[in-house]
Structure formats: structure tokens, C-alpha cells
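In what follows, chain A forms one complex with chain B and a second complex with chain C.
Now for the complex of A and B:
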């Protein structure tokens, strides 16, 4: 088979696979702009903004978004405070237990979330903190930490340790060296990892569904409960479309400013 | 950074270590312990004894029911992983050939399903697959079908959702692996007369296979333990590991049994991995020994 035909076949397959991978996200936009009372295809009444309006004026969704943002922001801050120093210690020091902490952090990322969630559910229930803000935030901070450690490790390996040693040999204290030399150099990695940590916490549905109880309902848990109870709600679809749009824009801006794809 | 103070790295990792200990290790320890303790009806704290009752109930008394659930989970995960594996190769190759803006744009797109969360994407799949959704609507208006195909509440819907969820998890590491291949290898194969597909299947695929298999294991694990996709696309009619773990934990409230249910496949997995590593190291040692004998014979 000729070179050109081979490349073309792969390009076509790739396009179809890409389309399939993006299909549910594309469909959110179709559903969100539908003018019908419930989604049918083909659309009966064309397009409208009614579901966006309904979403933006819904009190329940506003409340769940507030919970989600509070939880994710707090978890991200804790995750950064824990993760950045951990990555620095792993990269720049040799100490007993270094491999252990590295393995544990990475294991917490690959370990099935459902099994962890059921372990947390039982643990929290024993401690009577099931459904508390603190419990949810601290659990989510563990979702953030591996992202931070991995990305900060990779941005630390981009910078030359000689720069730090130069500062030290010129009389700067280690603390001053870290904040004046290292921190500015790894700042893009820290910011990008914070963004990813935030999004991963924000969109988590597994841990939150298991432990968030009935009072502090996050956005994905609210969608879950609704979906189980009454079926497809186009208000939730419109909200999801907005969230996906925000993520895409943030990703583009991040790529423009920090070239984040190199940290993956 | 050189320092004589030995406690500094420990101070740096302290917060992570404490969080991992309290919210990761201790809950897991509790899960293991609970699975060997006895349930006290109406209480969330089991009686501290050693019993195999929970595992007996899981594997023998209710064995046919629960083993069937594990079986369904394995089957659906295997199908989804195999499809994901095959369709990811061409796409990864395509992305790795691109440069500059086009490449980073596609990587950004591929990141979306990974960080967008299963819940949001499941909504998209429901729009797509419901009896009055896009796929059935299209097929009906083209007069290809009379009655809508049932995807939701059926295994097909769950598998479609699973395949889509984890394509990026397979594609992104493959793009990295293909990017680090020496392009001279491909040119050498071509100059020796290999066609496009020969070069792809005999050069690119074998060289990236170890990375792809590692990715495949992660995808398989993710498929085995997914929760949102089978729950919402299966509409409660396709009981798999993740959904039954949820029912056991939240609704039945028999923690010791729920622990045994969640841990049993984990235990099998861990044992499987140990055996796999043992076989690998045996094979490596055998090969080394073989090479040494050959070397001695040659000498």
C-alpha cells in the first residue's frame, strides 16, 4: 500500500476516535442549547438560552457550586502547602523514607478511587465526621497532592541545581534561596498543578458521593442525585457545559502563559 | 542543596505524610480489619473478633450472586480495555506526528475527558444514547431502525461509556513514548523497502509496547473499579463492582461485609502482581544463566 494511502487511513481512524472521545462533551452543548422541555433528537423547537438562564437562576445549583468551590479551593491550598515541599524534599535531599513517601504519593493516584472511598466512608462514619466540610476537604486534599508532587517534580528537573548552589555559595540562606531562586523558577509548575488539582477536586464524584452526606452537596453529587431521581435535567446539562467551557478556556490560557503540556 | 541538618527533609514532607497516614493508610487498615470482624446489626462499629464469616458469606453462601458480579465486572472491563488499547494506537501516532499549536491543541482536548470528571460526561452520553437521544434519533430518521436500540440500562451503554472515559489515559502516555522514538528507525525501515504499515507494526508498535501495556494495566484497573459510568449508564440494571460496593456501603450498612466485598478483588490483584513479578524475575535469571553458559561455551 502506498505511503499516502496509509497515512490517510490513520488520519481518518484518528479523527473518528477523537470524535468518539469528545462526543459526550460535544453533546452537552447540543443539549444545553435545546429549546425543548426535555431532550429529544431531532430538536423540536430549535435552539434557545432558556436552560442557561434556568441554571444561572437556580438556588440549588448556586448552593452546590458554593460548596464545590469552597471544598476545592481549600483542598487545593492544603494540597499545595503539602505537595510543593514534598516534591522539593524528594528532588533535593536524600533521606531515609524518600522512596516510601514517593511511592505512597503516586500510589494514592493510581489506587482505585472507589475502594478508597468506601474505606473513607467507614472511617468517617466511625469518627462521626461523615458529611462534614472538614472531612471532605481533607480527603480532597489527597486528590490534589499527587498532581502537585508530580508536576513540581518535573518542573524542578527543568531547573539547574547549580543556580541554587551559586546562591548558597554567595551567602544566601537555604530559606532565602528557596524563596528567591527556586520558587520563581518553579512557579509555572506550581500554578499549573494547582489548577489541575482544583479541577480534579471540583469534578470528583466518587469520593464526594460516598462521604458528602446530605448537607454539603457538591455540584457533581447534586447532578448524580438528580440523575438517579428524575432523569436527565437540561439545567444540569447547561451548567456542565459552562464548566467544561471554563476548563477549556483556562487550559488554553495556561498553555499560552506557561506551556503546561510539558509538565504532563 | 547540602545541609548537615537531617530533620529538614522530614519537616518538608511532614504535612503530606500526616495526611497520607490519617486519610489513606488508617482507613485502609480499618477496611482490612473490619473485613475480619463481626457485624453488629444496627451499629456502624463491628465486634472485635477474628472471623472469616464475611468472606464465607461472600464466596460461599452468597457465592453465586457475588462471583457473578465480579465476573460481569471482569468481562466488561476486559472488552472496554481491549477496544481502548486498539483505537488509541492510531490516534496517538497521529498526535505524535503533529507539531506546535496543532499538537498542543489536541493534547488539551485529550486532557478534557481526564479532568472533566465522569459525572459531566455521563450526562453527555445520556443525551447521545437515550431512546429519544441523538443516536436513536438519527437512525430512526434515516429509517434504519423502527424501535430505538436500548443502550441505557444495558451492557452496551456501559461499555461505550467505559471505552470513551479512558482513551486519553492510554493515548497521552503513548504520545510521549512515540515522541521519544528515534525517527531514524522509521526512515531506516522505509529505505530498506518497508511500507507505511510494515514500519508501523514492526517498528513503532513493538518499541512502544511496554509503555502501552503499562497504560493498559492502569486502564483495566480503572475500568474494573469505575463507579459513575456503570451506575448512571447502567441505570442500576448492570450490577458491577463499583455500584455494588456503593450499595453495600451506603444502603445496606453492613461494613464488615462491604469491606470483604471491596478487598477480595484487591487481594487477588496484589497476589497476581506478586506472582507476575516472581515469574518475570525467574525468567530474567534463567535468561542470564543461559547467556552465561553460552558465553562460557564460546570462550
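Now for the complex of A and C:
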């Protein structure tokens, strides 16, 4: 096989990957702009913004978005507050149980989400926080923490521990050293991990279904419920299109600002 | 040992450190006077950096005491130790400017801004970086970064300056000039300094005193001249000096001495004059010894030296100001160092070797310890 043909095969494969990734998203956008009452392909009555209008004026979706954003933001903040010090401790100190912590902290990332959810359901019901904001936020911080720990660990491995030692030798306390030296140097990694943590929490439906109960329904759970109730609901499709757009734009901006693919 | 001596800048007593089963420092004792420039020298893995870290507090020794100006600081954290450290990697703060780097320690001490500005300027001038304050660290060359690190460590006027291989990341030419510069600044400020290096040239040229370490044990603690002229054991003799010293096996039995590798046998009275007179060796017990002859003390047809037999020249290296000759006598390869650029000597020619009088070092065959008349 000639080198040129070989290169062409790789190009074709990567193009197919792109196609299979983008096609459903494009289809979803098409449905969101549909003027029909339900989705058909091709569209029968052309394009319109009616489903976007419907989505934006829907009280249920607005409420569930509020729940999702509150829960995801809180979970991200808790995840950062817990994950950054954990990563720092794993990287910089040696203590008994360090390797165990390092492995177990990744557990919620590798275990099947549904099994996690069952375990949380059981545990939180004994704590009587099932169905509450507290329970949902706590459960989601557990989804956020491993992402934070992993990305902050990788940022920490870019800085030489002697930079921190130099600050100590110049009279900075360990706490001052952390905030004046370590934090500014790992800030891009922390921001990126916060973003991805937020997205992981925001997109979760499995844990939320088990934990949230009927009062605090998150956005993905609401969409899931709508689809099951009435077939393909174009109002939810329009909402999904907005969310996709927000996330993709944020990712592109993040890549531009922080080159954040290096942390993942 | 009684109470701490106030007149020492630093005292180390019985420092021990192990990593797992690896004993990195074994009962290290050391005293340093005010203003002294000490070099910790040794091969990689000898424990010199570990010792420096124990002094700086970045690492806690398993046993022993660190005493700074009479005060036991063994358990004191680094940030309370009043020591300036220059790291091998320089460890500058990449998110700060040159000026912010140098000012960092002063800021931590809540120094008034006016005083900070003045001291930073003075510090940068000292290392010939005036005007570089606003630059970013990434805009500075390796040599400049090294000097920023030095200025940052010195600006607090610490009681001790610690440097870990400060020159190893510089290219050879720069290293020679920075070597002189650091030594000058140190003498000018009179700051007590400990520098770690594996480079014997740095140790010989910069140190007031060299502590030579191997496998966590102090091999010798002496002035550079004494390290070279009277190495305490075979390890020191072999480590210091380039090209390396020649070691020749010696067997003494009755009144006669044999050098089997060279195929020589001679009466003891003819062998003893080759040894350093200051060692005061007038007789030897029967047994195995090792004779150390530096390359500059092995000569061709040397007048009143000890005749060391015939040898054939294998290879000649002309270094410009001196000439290195590799020759084989008997079954032993010896290295000779002759002054000047010698073009008349060719490979494959036969020569007569001699060992210069009063220049030989003698070590015990088994222990490797230097033989002196007192033993």
C-alpha cells in the first residue's frame, strides 16, 4: 500500500468519526428549528423559532434549569474545596493510606453510575437527606471530586516542588505558600476542572433520578421525563440545542484561553 | 559533647537519615565557622543533597541535631530558619517578575515598600542585573535566572546561604565565570555558605573547606589543598584529581617491597623515599598496601626518583598546555601528565618510568586508609 493511500484511509476514518459525532447533533438542531408539531425528516413546514419560544416560556423547564444550575454550581464549589486540597496532599505529602485515597477517589468515575446511585440512595435514606437539595448536592459533589483531583494532580506535576520550597525558605508559611505560589500556578487546571466538574454534574441524570425525589427535578431528568411522556418533544429538543450550544462555546473559549485539553 | 559552641555558625551532630532500607546519611558530624565557604562534594547518591536538605529543614533527619548559632533548630520548620537557598532548578516563581521574585521574602516579612524597593535594587545590582526588575522570568536566560535566584536568597541577609548544584544547569563557559562571581559575592558579604556539588573543580576553586562524602559517610573534612595533597583514604585520592591518580599494588615482606603489576622488587630503603615525608613513615608492617601516584608525579627518566621499570606508550593526548600519556608497564596502565605541549613523544615507543621522590601516597590494602608514621 502506498503511503498516500495509507494517509487517505486515516483521513477517511477521522472524517467518519466526525460525521457520526456531529450528525445526531445537527439532526437535533434541525428538529429544534422545526415548524411542525412533531419531528419529521425532512421537515415539512420549514423552519421556525416556535419551540425555542415554547421552551423559554415553560415554567417546568425554567424550574428544572434553576435546580440544575443551583445543584451543579454548589456541587462544583464543594468539589473544588474538597478536591484541590486532596490532590495537593496526594502529590506533596506522604502519609499512610495515600495510595488508597488516590484509588478510591476515582471510584465514582469508574464505577457504573447506576450502582453508585443505588448505594447513595441507601446511604442517604439512612441519613434522611434523600430528596433534599443537600442530598442532591452532596451526591453530585462526589461526581465532581474525581475530575477535580485528576486534573489538579496533573497541573501539580507541572510545577517543581522546589518552587514551593523556595517560598518556605523565604519565610512564607505553608498556607501562604499554597495561596501565593501553588494556587496561581495551578489556577488554569483548577478552572478547567471546575468547568468539567460542572458539566459532569449538570449532565447527570442517573444519580439525580435516584436521589432527587419529586420536588427538585433537575434539567436532564425533566427532559427525560418529557420524552417518555409524549414521544419526541420538540420543546425539550430546543432546550437541548441551547444547552449544547452553551457547552460547545464554553469549550472553545476555554481551549483558546487555557489550552485545557492538556489537563484531560 | 557538652553545650553548644556559640562561635560556630552551624553545627551538625550525628545526623542520620534513611529512605527505607537505604541509609543515606550515617552519623554525620560537622562544624562550620562564621563566614566559611563549605563545599559538600561527592558522587551522585552520596547523601550531599540530603544533608543540605536536613540543614534547610526541608527534610527531617531520623536522628541528630542541627544547631544554628548555638540554637537547636532540628525541629524548626524551613520558613522560620533564616536561610537563603539557591536550588539546582533555581525554583523561581514563574508567575512573577524578577523584582517580585527578589521582593518575595521581604514582603513575607512585611517590610515597608520603600525599603523593599531599595533592597531589591541593591540586590539586583549585586548580581549585575540592574534594570531587569520588570522582566518576566521566562524572558531571562539560564545564567540570568541563576543570578535572580542568588539575589532572591541574599536579599534577606540570611545567616546561612545554601546552594544545591547552583552551576550544573549552565554551559561550561558560563560556569567558569559564574563560579568566580559567586565566590566573590560570598567573600564580599562574608556570608556563611554551604554549597553542594559533584564537580571537583568547583569544590577546589570555591571552598574554604571541602567535606567529601561517600555512601553517607564523611570521608574527609579538610582544606582543598589538603584534600589533594593528603587524601585521608583511597576513595578521596581517587575522587579528587583529574586525570585520576594511579593506584599501584604494593606487597611488603621482610626488608623487601614488591610491586607485582609492574614486575618490580626493591629493598624497603629504596621504596620509602618515594612517600610523602610529612607522613613520617620510617618502617612498614608486612602486608598489602596501595601506592597512589598522581599523573604529574610519574615521570619519564626522572633523575633522582624511584625507578619504576620499562613501559610502552599506548596513547598520547595533547591538551595544549599539558600532555597526557597513557603507558603500560608490566601489566599496569599508568597515566602521566607532563607540562607543555609535547610533540616529540610518539605512541608505541618504550620509556623508562620513575616515581617522583616524596610525592607518593600510601594506603592500607584492606581498609584503604592513609598510612602515616603515627599508626
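Throughout what follows, the second predicted complex is superposed on the first by the 260 of 264 C-alpha atoms of A that agree within 3 Å, B and C clash if a C-alpha of one lies under 4 Å from a C-alpha of the other, contacts with A are read in each partner's own complex, and residues count from 1 in each chain.
By definition in this document, contacts are C-beta pairs under 8 Å (C-beta built on N, C-alpha and C of every residue); 3 or more make two chains touch, one makes a residue touch a chain.
Everything quoted here is computed from the prediction, not taken from an experiment.
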Clash-or-fit label for the pair chain B, chain C on chain A: fit
Which of chain B and chain C A:141 touches, first, second, both or neither: first
Touching partner for A:27 - first (chain B), second (chain C), both, neither: first
First (chain B), second (chain C), both or neither touched by A:185: second
Chain A as apex of chain B and chain C, Cα-centre angle in degrees (nearest 10): 90
Of chain B and chain C, the chain that contacts the larger number of chain A residues: B
Contacts of A:160 with chain B and chain C, given as first, second, both or neither: second
Contacts of A:236 with chain B and chain C, given as first, second, both or neither: first
Partner chain in contact with A:173 - chain B first, chain C second, else both or neither: second
Partner chain(s) touched by A:225 [first = chain B, second = chain C, both, neither]: neither
Gap in Å between nearest CA atoms once chain C and chain B share a frame through chain A: 5
Touching both chain C and chain B, counted on chain A across the two superposed complexes: 165, 168, 174, 177
In the complex, chain A residues that touch chain C: 160, 162-163, 165-174, 176-177, 180-181, 184-185
Touching residues on chain B, where the partner in the complex is chain A: 1-3, 6, 8-13, 15-17, 19-20, 22-28, 30-31, 34, 44-45, 87-88, 90-91, 93-95, 104, 106-113, 115-128, 130, 132-134, 136-138, 141, 163-164, 167-168, 172, 176, 195-197, 200, 218, 221-222, 224-228, 231-232, 241-242, 245-246, 248-250, 255, 258-259, 262-263, 266
Of all residues in chain C, those that touch chain A in their complex: 56, 58, 77-81, 83-85, 87-89, 91-95, 104-105, 108-109, 149, 152-153, 156
Parts of chain A lying in touch with chain B, wherever the complex brings them together: 1-3, 5-7, 10-11, 13-14, 17-18, 20-28, 30-31, 39-42, 78, 81-83, 85-86, 88-90, 92-93, 95, 97-98, 101, 104-105, 108, 110, 112-123, 125-126, 138-139, 141-142, 145, 149, 161, 164-165, 168, 174, 177, 196, 199-200, 202-206, 209-210, 220, 223-224, 227-228, 232, 236-237, 240, 243-244, 247-248, 251-252, 255, 259, 261, 264
